[in-house]
Structures are given as structure tokens and as C-alpha cells.
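First the structure, then my questions, so here it is.
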Amino acid sequence: MTDTVKMSSRVREHKWFTPWLLVAPATLWLCVFNLYPALNTVYMAFTNKKPLGGGEFVGLANFARMLDDDQLLYALTNSVLYMLVCVPLLTMLPLLLAVLVEKKLPGLTFFRVAFYTPVVASAVVVALIWNWMLDDRGAINAILQALKVVQEPLPFLTDRWLLLFSAISLTVWKGLGYYMIIYLSALGNVGRELHEAAAVDGAGPVRRFWSITVPGVRGTMLLITILITVSSLRVFSELYVMTGGTGGPGGRVSSVVMLIQMYSTGFTGHLGYASALSLLLFVLTLVPMVLLARLNRKDG
Amino acid sequence: MARKEKQRAYAFHRMSAGEVVVRYLLLAVVLVITVLPFVWQLSTSLKGIDENIYTATPRFIPEHPTFANYTKVAEAVPVVDYAMNSIIVAILVVGGNIVGATMAGYALAKLRFRGSRLVMGALLATLILPGEATIIAQYVTVRSLGLTDTLLGVALPGMIGMINVLLMRAAFTAIPDELEMAAKVDGANAWQRLIHVNLPGVRGMLSVISIFAFIGAWDDFLWPLIVLTDPENLTLTVGLQYLSGTFTNNPRLIAAGTMISFVPIVIVFAVLQRYFFRGVEEGAIKG
Amino acid sequence: MSARRLVGVAAGLAMGLTAMTGCGAGDEPSAGDLGGKIEGKVSIQTWALKPKFTDYVEGVIADFEKENPGVEVTWLDQPGDGYDQKVLTQASSGDLPDVTNLPPDFALPLAQQDQLLDLEEADVDLDKTYVEGGLQGYRYDGLDGTYGYPWYLGTDVNYWNKDMLAKNGLDPANLPTDLDSLIEQARTLKEKSGGKVYLMTRKPGLNDLQQADVPIFNEDGTELTFNTPEAIELVQKYADAYADGLLPKDILTDTFQGNAELYNQEKAAWTTGSANISGLEEANPALAKGTEISPAFGDGPLYVQGLSVNAKSKNLAAANALAQFVTNPDNQREFAKLAPGVYPSTIASQEDPYFTEDDGSVAAKAKVTGLKTLTTAIPNNPKVSPAMSTIIDQQIALAISGDATPQEALDKAVEECNKLLAQ
């Protein structure tokens, strides 16, 4: 705040209402289409609301029910694992990919467009292909057996941990192109002169990557880390398609969002419990978000 | 000056033959990983009715390639009309995001004002809110505005995406403050600074959010389904669902339908990517 | 399609809004008079009949309008995906069409909310007009009345790949007729083919328990009770078969490749499916010709579709008349002819030679076999919610994988489902 005072004493910044005019449309949308429904979710978490009927106040019953929910425990474990694997992979791989397609080479446009295609692919197609590749007699098991890496086919689609691993691969596959694009637009701001100077000084590509590219896109990297953290906690479609919507044997390969989906869909959905789960998810996601936002502010 | 820059850039770009080969090899590997599924889908859509699409080893090249599936899709569903509806929705959403997210992103990145933290906090919070929960609330809102069964009603909730505001903010933040200060000294007001000083620097991110917004609007299924009733107003994703009805389930037709809805996105991306790659290079020279 | 549900995740979550804000139900429109004159504007909503049956539906509507000159009918057809969410939105915001195609499990909650007309009030002898199984779908424990005119019915038949059976030492003339003979033949098939192909390709579900006469609910419908010794034995048989490698490993998750897909791909010699083989004919024409049809094991499942009338319809008489007209024997017969595998729900149609005629083709065999099953088939219990189905599915998968005993898994499933029911 003291900053502001100093600055405005030097140069008249802007009329007091200008920023508000600028953020007004976004704020309106925020309130109508995001905050209002969210507040409603908070309200419903304390009721036994169903899609048609219900809605009596039940106090903390929905939250008490969480303590006794094995599936929630599985879901939380899975989310943590997801985060641990996805955050490093999806922060680095798309950056490497962006550096790879940044330089001018003949035919590069084609590659750039091609790399983005998984992002726009329909989940059904993706599920079909991945199941085809990962099943007992699928391409990947065939390769592994041919290379004598394994004797028996690996149960990618049925074993709890392998299934989770398969879903994570799918997330990474779909995320590559998406984050690559964000990095690409940020790479424009990394000074080429710095690269050249470093090259003249004899710094190899690896060193230049770590000492120039990475610091240059740091702000973007933090934003992407936040996005990945949040989406890891909120993972849904990959687990959903890989388990055919069941959450795997015993429901051990599900996520919190899958539970929300399970409890809230259909005519007899338990909207109260689903809302309570949404609140839990919100609080859980808040922790890494606040940490990262704080880091971001220091940098910014 | 500009010429000199160019020459230096050129010199820097010269790669050894080995590096070029390595780069292409890597590109090819990633290419196989990313596009194989679509080749398979395309191939399915071109297979004739007499061709078994489920052979033990998948065949990528159809024995008797045919466009019959595409003609059938066009006969069953008014593809062109639906595509027009989808384009209208997508344009509204892209336009809304370009204007709304740019304005808010600029204010949050470059202007200091009371309450900006509050807005930022709320924006970040929406990222983690289960946004999927909002659909009926949205419907009630759109209904009270009298916009059910209209394309504007479909576009409305997505016209300013909070993630796009955040992305634009990140882009504006990356522009050096000196430019902004200099313009202030010259007496430019906030709007002039936004349009003349800052906007050229965020063209790359603008094309990024345009692509995101376009894809989001184009692929959305459940929301248009709920808002729209009149068959003439349907968007392509909803309309194409009629291909996989209760009594019809021909994977070739569904594959053809998927390709029909998929191709425009690839085109939009292919067109837009030029702008933001140009943006990338411009930014580099200014750097 | 599944990912689209991502959008729909917790779509219902916000349903409460409507009740909360009061915008939902809106002003109670004064309902029309059931005994009144058949006139005015009415809407009818069908599910996934476009574009294949456009001409048919438009024809039926034109006939109805001709018979009732004062009526103007608007036809809405919804795509297959997302229909539950669409109907939920309509119901909670007071936009339900005058006549709506609702399967029994969709109709139950709407009937509980007094949104649907009790057809016992209408001027028709339901029991003399519609088959019992169809009507059962719209009569609920603890709720008086009938809440839908049964429309088209469906059931499952068994499909067998004759070549594959014969090649692997089995006799296509001596097909399995129950679970034990199925497992026995699956063993032979596995041994002869060296495990390359399978006979059994799905894990059991609630439906299989129901077919084995396991009571799903107690008598008052207040508690689930399917963890009986019979159910445990059935799941155990599957678990043993799975351990012996008689089923593909990945059946534990219902991934995209269901048993029908594996059959179409000639990786499995058996599947169950509707009495409509046109899907198979499209996917694998050669296999369709080499397919043998047999009746479903046990009583067979019954799939019911019906038309419900919006109790708050402004032109109740016209809406009711329209629903009766669409489900009358003539119109149903025409529909069933256009949609193989579908059977009329009217008693008068059951003797129709069209459905009993067998011209020797595989398609006709399927049609005739399905019709025979129809009389014994049992409809699914509409009280089992999607969440319950998911839990049951997960626990049965766990038991079959061997990570829990069938007893443990079924007990757990019953416990969790009862928690859901109590909420």
C-alpha cells in the first residue's frame, strides 16, 4: 500500500474508477456464474438435498460421513500420488517440447499443430486407443514381452497401482500440448540476446536451458505448477475412462471428483454429501494454491 | 538496425547437421505418440460397411476407402447448419474472452487499486471450485434473462473465463514496467496505455486464450444440450449425438462425425498458431 | 462420451438451487382437466429416435392431429447422451413436456414429486391393454397408482460364435444353458484355444443376482438384502473362473471394450445383447451370419420404456390421449417393425404373427427367441440408484479379483447401499 501512495504522488496513475471499469465485466461473470453457485454448494453441504426433494438441514452429518468413507481415503491417496508424479513431469516436459518447436525448422508448423491434437481429442477416442494399447494383449504388453522385459503381461488396466500409473500417463499425454502452448507464448519474452551471449561464452544447450530459459519463464512456470496441482487434485476424466466409470475393483482407483460425480448424478443423487465433498476438495486445493500464490507474489 | 538484428538471429539459428537430425528425431517420436489415435479414427471413418473394423491386428489403411460414411452423416444430420450454430457460439465466446479477459487482466497486472487482491483471490478460488456444479444455477440465470433456446444463452456463461483472466494477467505482468511508466509520463491514460502500449505485447497470449475459448465452446456438450430445445438451434456436438442413438451405433459413422467436429478445431488452431508464433518471435527481438 | 459427464459432474449438485431460489418450479400453472375436451397445444418428448425414426414419429403425430382436429403437437427428441440431466433440468424448472418418454427409474422420482399423472385416473383399463411386466415398471412400492403407459420393451438373448465354438471342441448344437455349463464350456474353450479366445467376458452384476432369484430388497423395499448365500455362491463361481483364467483380466473394470465389443472383434465366443443384431451386422457382417441365438439364461432381463403424462399439463386431456395413441397396438406394431429387437407392450400385439414368424434368418431367430423370453423377463429394480450400481460393481470386481472374499464384498456392498438408501 505504501508503494501506491509513493507512485501516485509522482504520476497521476488513473481515475479511481478506471480499474473497476476494467474488471467489471469479469467480476460480474465471476459473481453470477462462479461465486453464486459456489455459495449454494456450501449451503447444500449442510442439507440432505436430492435432485428432486429433500433439503432439510442436517448439520454436520455429511462431514461425519466422510470419516467413515473408505473410498474417500483411496481417492485422497490417489490424488497425492497424482500430484507427485504430474507436477514435475508436466512442468518440465512441455517446456522441453516448447523449446523443441520454438526454433525455425522446415515443417515445424505441422509438428506444432500435431502436438496439440490430444488436447482436443474426445475422451471416448482416447479411452479406446489407450485401452487398446494397454490391455493384456495390447501393443505395450506385446513390446515388453518381445523385449523379454516381462514374462506375463502386465495388468495395466486391473491392478490398482498400474491402473493409476496408466491414468497418469494419459494425463501427461493430454497435458503435453496444452502446457506447451502456454510455454511457447512465454518463451517469446526470453531475450534472444541472452542466449546468444551465452552461446558466445561457450555455454552448451543444457546450460543455456537451465540458466536462461528456465529463469525466463519462471512466472509462467509457477502458474502452470498451480494449474497442474489443482487439476491433479481434481482429476476425473482419465480415471473415469480408464476404469469405465467404476473406480476400479473395490473403488480403489477413484478420485474425489469421481466420488462427487457418483453421488450427485442421477435422479436420486446425494447432493448434500456431494456438496460436502466439494467443500473438502476446495479446502484441500487451497493449501498448495496459497503456497504457490505466495511464491508467485515474491517473484512478481 | 533491423537488418543487423536479422543477421545475428540467423547466425544464431544456424544449427549443425547433427542437431537438426536429433531435433527431427525427437519431433517424430512425439508425433507418433500424439497423433496415432487420430489416424486410427480417420481410418475407421473411411472404412466401408463390408470391412471388418475389429481385426485382431488393427489396420490403419482401409481396404476400400470410402467417403460414404461422411455422406451418411450429412444426410442424417444437417451438419452445415449445426456447424454454423457452433461457429456463432464460438465467436461470441472468443470475442467475450478477448475483451473481458484483456481488460481485467490488464487492470490486475498493471494498475494498483484497492480491492485488486480481493478480485485476484476470488479468481484463484474459482479455479478450485468444482465448476461443474454450476450448470443448473447457470440455467436458472439464463432462463431468467429469457435466453433459453438461443445461441447467446449457450455462449453467455463462457464469455469470460476466469482462467483466461489469469493467463492475460500473467502476460501483462511479463511486459516491462518501464514501458508503462514512460507512457504515463507522456500523459497517456489507462485505456490508451492498454491499447497502444501493452496490447501489442500480449498478442501471443491473446491467441492462446482464443484457442482455449474456441475449443471450450466448440466441444461443450451438456450445457448446449440443456439450454437448447429447438432442433434448428442445436450446436454440432449436440447434433452429432444423434448418430449414436439408441438404435443406431455404427462406429464408422461416429468416427466420421468425430472427424467432422474435430477438423474445424485443427483449422482454427493451424490459422491462429501463426499469430502467436509471430508474437513469440517479435517478443524475442524486443526482449 | 464418458468425459462429457465431466461437464455433468455434480450437475445435479446445483439442483438444490431451484428449490432454494424459488425460480425453479415457478408459478404453479393450473392443470388442465383430464375429462375435458381433447384440444390445444401439447408437446411430446422422445429419446434418441432421430433421425432414424423421424418419418415414423411425424406420421404418428399427423394421424393423431387428423383424428383430433383441435390439437397441435410439438415433437422434441433428445439425443441419447445426457438425457437424465436434461429431464432433471426440465423437471426441476417446471419445463417438463406434456408427454415424456421416461424409463421406470426416471419416472419414479418424478412420480414421488407428484409431477406425473396417475394413469389409474384415466379412462382406460390398463391391465387389459398392456402386458404386466411393462405396467410393473411404472407401479412402485409405497406409491399408489401407475405413472407411465408402457411403450416399447426389450430383452436380451445369447449370441454364440458357431465357428469359434466348433473349432475349439465345443458343439454349437449343445450350448450352455446356465452358469455351470457356461463355466464348463469356457474351460474347454480356453484349453483348446490355448487361452487365445474366451467364452465368458463379463463379470456378474446385480441383474445376474436378480436372475438367480436373489432378493435385492426386503419386502417393504426399505433395505437391500442381496448378500444371501446364493449370491455369494454365484460370485464365488465367477471368482474361481477368473482365477483359472477363464475370463479376460480386464473385465474387472468396465472399460470401453465391453463384452459385445470383444464378441464383434472375435475375441470372445459369447455375448448377450438385444434381440436386434443389426449392430453386429454393421460391425462384423460375416460374424453376424455365423451367429447362433439362444434364450437368455434364467428368466432374462426386461427393459421397459414408457410415456408419462405431465400432471400439470395445461391440456391434460389432449396429452393423455396422445400418450395412449402413441402406445396403441397399431402404432407400436409399426414401430417394432422399424426397430428390430423391440417389442410392443400391448397385449393385443403379442399374438401378432409378425413377431412369431421365423424365416430362418439369424435376425428372425433373435426376434422370436426374444419374444419368448419377454413373458418371463424381470424388469430392473428402479430403486437401485446409479451410485448403488457403482458400489455393487466395485465390490463384485474386488471379490472376483480375489482381493476380498465374496462374503466380505457383498456385505460391504449391502452396507454401503443401505447407507445411501437411508440418506
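Here the chain labels run A, B and C in written order, and each chain numbers its own residues starting at 1.
Rule of thumb we're sticking to: a contact is a pair of C-beta atoms (placed from the backbone, for glycine too) under 8 Å apart; a residue touches a chain by one contact, two chains touch by 3 or more.
Keep in mind that this is a model prediction, so the values were computed, not measured.
Visitor: When you check each chain against chain A and chain C, which touch both of them?
Guide: B
Visitor: Would you mind telling me which chain pair, B-C or A-B, is linked by more contacting C-beta pairs?
Guide: Between the two chain pairs, A-B has more contacting C-beta pairs.
Visitor: Whole-Å distance, chain B centre to chain C centre, using C-alpha means?
Guide: 38
Visitor: Just give me the whole-number Å value for how far the CA centre of chain A lies from that of chain B.
Guide: 17
Visitor: Using the touch definition from the top, which residues of chain C touch two or more other chains?
Guide: Correct list: 1, 4, 6, 8-15, 17, 85, 92.
Visitor: For chain B, what residues touch not just one other chain but two or more?
Guide: 130, 132-134, 137
Visitor: Two or more other chains touching the same residue: where does that happen in chain A?
Guide: Residue numbers touching two or more other chains: 37, 40-41, 122, 128, 132, 257, 260, 264, 275, 278.
Visitor: Which positions of chain B touch chain A when the two form their complex?
Guide: 8-9, 12-13, 15, 20, 23-24, 26-27, 30-31, 33-38, 40-41, 58, 99-101, 103-104, 106-108, 111-113, 115-116, 119, 122-134, 137-138, 141, 157, 159-160, 162-163, 165-167, 170-171, 173-174, 181, 184-185, 189-191, 194, 204-205, 207-208, 211, 215, 219, 258, 262, 265-266, 269-270, 273-274, 276-277, 279-285, 287
Visitor: What part of chain C is in contact with chain A in the complex they form?
Guide: Those in contact with chain A are residues 1-6, 8-17, 19-20, 84-85, 88, 91-92, 105-106, 108-110, 112-113, 248-250, 252-257, 385-387, 390-391, 393-395, 397-398, 400-401, 403-404, 409, 419-420, 423.
Visitor: What does chain B use to touch chain C in their complex?
Guide: So the residues of chain B touching chain C come out as 49-50, 52-56, 76-77, 130, 132-137, 139-140, 143-144, 220-223, 225-226, 229, 231, 238, 241-242, 244-252.
Visitor: If we count contacts the way the header does, which residues on chain A are in touch with chain B in the complex?
Guide: 3-4, 7, 11, 13-16, 18-20, 22-23, 25-27, 29-30, 32-38, 40-41, 97, 100-105, 109, 111-122, 125-126, 128-129, 132, 173, 176-177, 181-182, 184-196, 199, 219-220, 223, 226-227, 230, 233-234, 257, 260, 264, 275, 278, 281-282, 285-286, 289, 293, 300
Visitor: What residues on chain A touch chain C, complex-wise?
Guide: So the residues of chain A in touch with chain C come to 37, 40-41, 43-44, 47-53, 55, 65, 122-124, 127-128, 131-132, 135-136, 153, 155, 157-158, 163, 236-237, 240-253, 257, 260-275, 278.
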